[in-house]
Amino acid sequence: MINVGVFGASGYTGFETIKILRQHPQVKLIFATSENSAGRNMSDIYPVAWDVPLVSSKTAPLDEVDAVFCCLPHAASMPTVRAARQSGVRVIDLSADFRLTNIATYEKWYSVPHTAPELLQEAAYGIPEINRPQIRETNLLANPGCYPTSIILALYPLLKAGLLNAQQPIIADSKSGLSGAGRKASLKTHFVEVNENLSPYNIGQKHRHIAEVSDIVNRFEGNGDNIIFSPHLVPISRGMLSTIYAGLNEDQSSPQLQTLYQEAYTGQPFMRILPDGQLATMAHTQNSNLCVISITTVTPRQLILCSSIDNLGKGAAGQAVQNFNIMFDIEETVGLI
Amino acid sequence: MINVGVFGASGYTGFETIKILRQHPQVKLIFATSENSAGRNMSDIYPVAWDVPLVSSKTAPLDEVDAVFCCLPHAASMPTVRAARQSGVRVIDLSADFRLTNIATYEKWYSVPHTAPELLQEAAYGIPEINRPQIRETNLLANPGCYPTSIILALYPLLKAGLLNAQQPIIADSKSGLSGAGRKASLKTHFVEVNENLSPYNIGQKHRHIAEVSDIVNRFEGNGDNIIFSPHLVPISRGMLSTIYAGLNEDQSSPQLQTLYQEAYTGQPFMRILPDGQLATMAHTQNSNLCVISITTVTPRQLILCSSIDNLGKGAAGQAVQNFNIMFDIEETVGLI
Amino acid sequence: MINVGVFGASGYTGFETIKILRQHPQVKLIFATSENSAGRNMSDIYPVAWDVPLVSSKTAPLDEVDAVFCCLPHAASMPTVRAARQSGVRVIDLSADFRLTNIATYEKWYSVPHTAPELLQEAAYGIPEINRPQIRETNLLANPGCYPTSIILALYPLLKAGLLNAQQPIIADSKSGLSGAGRKASLKTHFVEVNENLSPYNIGQKHRHIAEVSDIVNRFEGNGDNIIFSPHLVPISRGMLSTIYAGLNEDQSSPQLQTLYQEAYTGQPFMRILPDGQLATMAHTQNSNLCVISITTVTPRQLILCSSIDNLGKGAAGQAVQNFNIMFDIEETVGLI
Amino acid sequence: MINVGVFGASGYTGFETIKILRQHPQVKLIFATSENSAGRNMSDIYPVAWDVPLVSSKTAPLDEVDAVFCCLPHAASMPTVRAARQSGVRVIDLSADFRLTNIATYEKWYSVPHTAPELLQEAAYGIPEINRPQIRETNLLANPGCYPTSIILALYPLLKAGLLNAQQPIIADSKSGLSGAGRKASLKTHFVEVNENLSPYNIGQKHRHIAEVSDIVNRFEGNGDNIIFSPHLVPISRGMLSTIYAGLNEDQSSPQLQTLYQEAYTGQPFMRILPDGQLATMAHTQNSNLCVISITTVTPRQLILCSSIDNLGKGAAGQAVQNFNIMFDIEETVGLI
């Protein structure tokens, strides 16, 4: 059994992490923290019929755990991660604090100083389908953002094959359920404002997640400056679909692309490439750790990828547990299917 | 033209009132107040393609208006209403502050002292289908609550005919859309908490609106203590349906009850009694000032009334304008159909 | 391993049954039938990333299975159940065909002749919390309806204790998600007709499920004729809440009722009685096999029970697998938590 | 008063047309047809508290009307339109039958022969903001499709100014509410399939509406072959948002584009260009005849247009009445605000 703690258990991501860990046969949950709800139980703040006590992070026994999931907001995560690492605890951090390799980029997008630059060295950005070896070795796993996961998994086979036309923008028109906006009450998440509405926000090159996507595209010698990313909120609790428009630098037929994608993801338990003619929808992945991708060729040089994940599953808590399993040499699907 | 001001224009009720008044051919909107958004425009706080400037109530020119709609929360309404009345302005108050005739009852349910008891004398509770003459004469119209409107209009023909069995509880199981909970951001109105959920709250005899219903039932010599009222929130923006279980003190057939209801509401432009076999749904009244009622006889002594209103229409702003029209001798349906 | 078949796999209930059985460590799924989709796969008709081939019931190998789940519509179920029983296969039937003990009652409510009366003898109505011993022994399990499950579980402690006032109607105002209406396309299930609407249907004493509730109430010497049941459709995919108004024949305090309910359900893994002051909502049970009940005392003789289940979980497929576990001496919660 | 008939009154478009016409002070509704519901009333098939009798189109008195709105499906529209024109009645046709100028294009996309080619000559495609003069003169108004309206109104100022880069695809990622899919019951419109889901369909260059957009782009000497159009269904009853990615052939600043759009739509009562920094959402136009557009510059050569309409308003019935008003020399906004 692996002893585990969860920081930031009261938000949607923390709650989802705990829901998964409760069912995980090789995990013992030692603590779950919430500053606002310390002293209360999970069933006091969520309509659930099971329970987990919530404690202040100040009283969380770091010396009793092998790993922690850090589900705190960006910036708040850094000191907690440092404390855990100093106690020799392995960390899966779901915030943005250790995702970007370049400190200046982080500080530009998140408008706060990076207070734990020494830890960036050991951090591994964790999309198992792309960099499982680094994940296995790391003590500090930077769990990707939801939008970047959906976009990068769709682009990865093209990036690896060097097929993207660097002269053309990659356009990701993404749609997200509301749990992605967090549990904090605000007018933007008020039912009446959201229901029967669909709203774009931070479109173009303004959303922070664009930096994560650029980073990965650049690693594959793609043109990371060339991404246009337009998120939209839809009146759905959980789910994410990115419709991605990409140009190719050489002609590709539908069967060729099918083969390319099938091969890129052979043996990956959470990836599904839909057969030609089917399109990925949010329903394909809801309440799962799956990523489902469809490929539509408009012309031999122009394609549309639809990439579906659950923003709380493969987009957050699910992928975090998948990374945890890899880090602790547990079969990758345990607790997730 | 009648010059009108609206206090509390930024909430859902105030916004809906202004939407109706903008289309009203005999109204000139002089001011709309919002303390939080003073200096901004309506299009800054709502996604609308028209505009109205918002001012602080301190600068609202009471001397330029004939009437004000007061869409403030309870307790906040009293001083504003007093100021308006002292300026000789007729008031349509949408809060609860002047609905209850008994001060002790008000103070018990609302947990604040009533600071304008002298005005209660001139206040008229305004459901036009029941007491149009008092509405016509009053200078201070207490606009009813949404739940009470749906329940009282369903019971009124039985109350008038003395048919309710006073020994049996009247059970109102009510379902409301979320705009009834106001526009203030809170976890209770967060999309993810509300969506795909249905929640009872304050059921039994705990919701403030029970006092309004009791008041009216008592006026008709019914047993006002005998009401059980169970509100439920449903994942819908606007709409209200009360399913009411009532016992009779003498046998009544379906045709007799149809006649009773049709006659009680003859000539009322916003009332519809559905023919036997049809049931009222929320869709019957959404975006209107209608109240639609269906009558189902379980036994000759036991019936089920389904009463549908739009909580922002007949349950708030619509009825307020209907009352305003009566007060100012305008045809009752102007601006409302 | 127990070999299992599913008849009627393409509807929501059949699909949900298969989803649960796929995860069940002691079940091997031998066949799944669908007349309309025979020859296709589950992923052709649902957006799922796993697969099960669908066959015609004519080719279903009854001789290879130990048990079948029959998820067919009422009337269609009878011949299939008979064939299975003649092959010596144990049956969990999710239709209404074997729920009612009295043939005349069945034929009155379902308007078809009962063509397998000889099987009624061996059928057991299966709510484990009430009659686990009969379930263990039976070869033909009649899985209860969703509404009856929510209502009976709420009333059972009162029935057992003889506390219900037989002179007063038991009023169940129930709200159901749309999956309860089945997957057949119709105007009643069209998104635009359902969305932003709430509709009562078959209210009073007109819905078929009232017969099941009466049956159980009568078994406990309650007044089974005294039930008023009003179902409502709400714009939610899955979930059910019954708000039940019941009169008592002697005074009971809230703590007494808490004790009564806690004791009645001690050791039942899928039952939760909420502490005084909390109210059951649909979210308490969604995507689970739980039944969550809250108790509200209006007066010492009048109470309101809120009973929440997932209509596809404890209201159909979940309870079916729970019954299956009991029949095959498997721990009751396997596959369900 | 202008005497008007409506063919195909029972679908969402026909119903919406009648709702608008009922409030139109210069219209007398002479007949409304429905083959499936002939002999019934509107309140039998919709939950409305007003009524209109429905008759078979065979008995519709063409000689009593000045104009008809034809809300029939494509192909079914042609014979009805011909009959109306032969009676000298002016026609507003909401189907696709007279929208495309080229018969071969029509027959390719709609897979039926065009049986009324002689009428194409007199047909005018009706987007008032673009070609009001032709609308005024025509006797056969081809009312545009919903998606094309949202896209063309967004592109028009760029087309007129010759600013679109013809070498780059115009990508329209569109999101539509479900009423756009019609009222016919089908699995695709079943509540449970649609709710909490978002589905792309016919993406790339497969949706029929692409032909309408191409036609207009070509008229302005743009590259009509260069359009990529990806519609998505969202769980919303009515509303449409097109997010459009367009490249320019010369640098443009945000203020320049604001000016361009403001000037292109000066004096158009149903057009709103949002100020820089605001984004169009579905809520901006719901239940109205408005089109609201926002402009976001990603680079001086790359922009994102968000174009919001109500698919039943400016996307169908609203625009049809606007066109009718122009044809009959009525002020354009009558009945629509």
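Chains here go by letter, A, B, C and D, matching the order in which they are written, and residues are numbered from 1 within each.
Definition applied: contacts are C-beta pairs under 8 Å (C-beta built on N, C-alpha and C of every residue); 3 or more make two chains touch, one makes a residue touch a chain.
Keep in mind that what you see is a predicted model, and the values were worked out from it rather than measured.
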Relative to chain C, chain with the most remote C-alpha centre: D
A-C compared against C-D, more contacting pairs: C-D
Between chain C and chain B, distance of the C-alpha-averaged centres to the nearest whole Å: 39
Length of the line joining the C-alpha centres of chain A and chain C, rounded to whole Å: 37
Interchain centroid distance [CA atoms averaged], chain C/chain D, Å: 46
Multi-partner residues of chain B (each touching 2 or more other chains): 47, 196-197, 235-237, 281, 283
Chain B to chain C touching residues, read off their complex: 169, 171, 173, 175, 193, 196-201, 203-205, 228, 230, 232, 234-237, 239, 241, 243, 245, 279-283, 286, 296-298, 302, 304, 306
Residues of chain C touching chain D in the complex: 12, 47, 178-179, 183, 185-187, 189-192, 194-197, 235-238
Complex contacts: residues of chain D adjacent to chain B: 23, 47-49, 196, 272, 281, 283-285, 287-288, 290, 292, 337
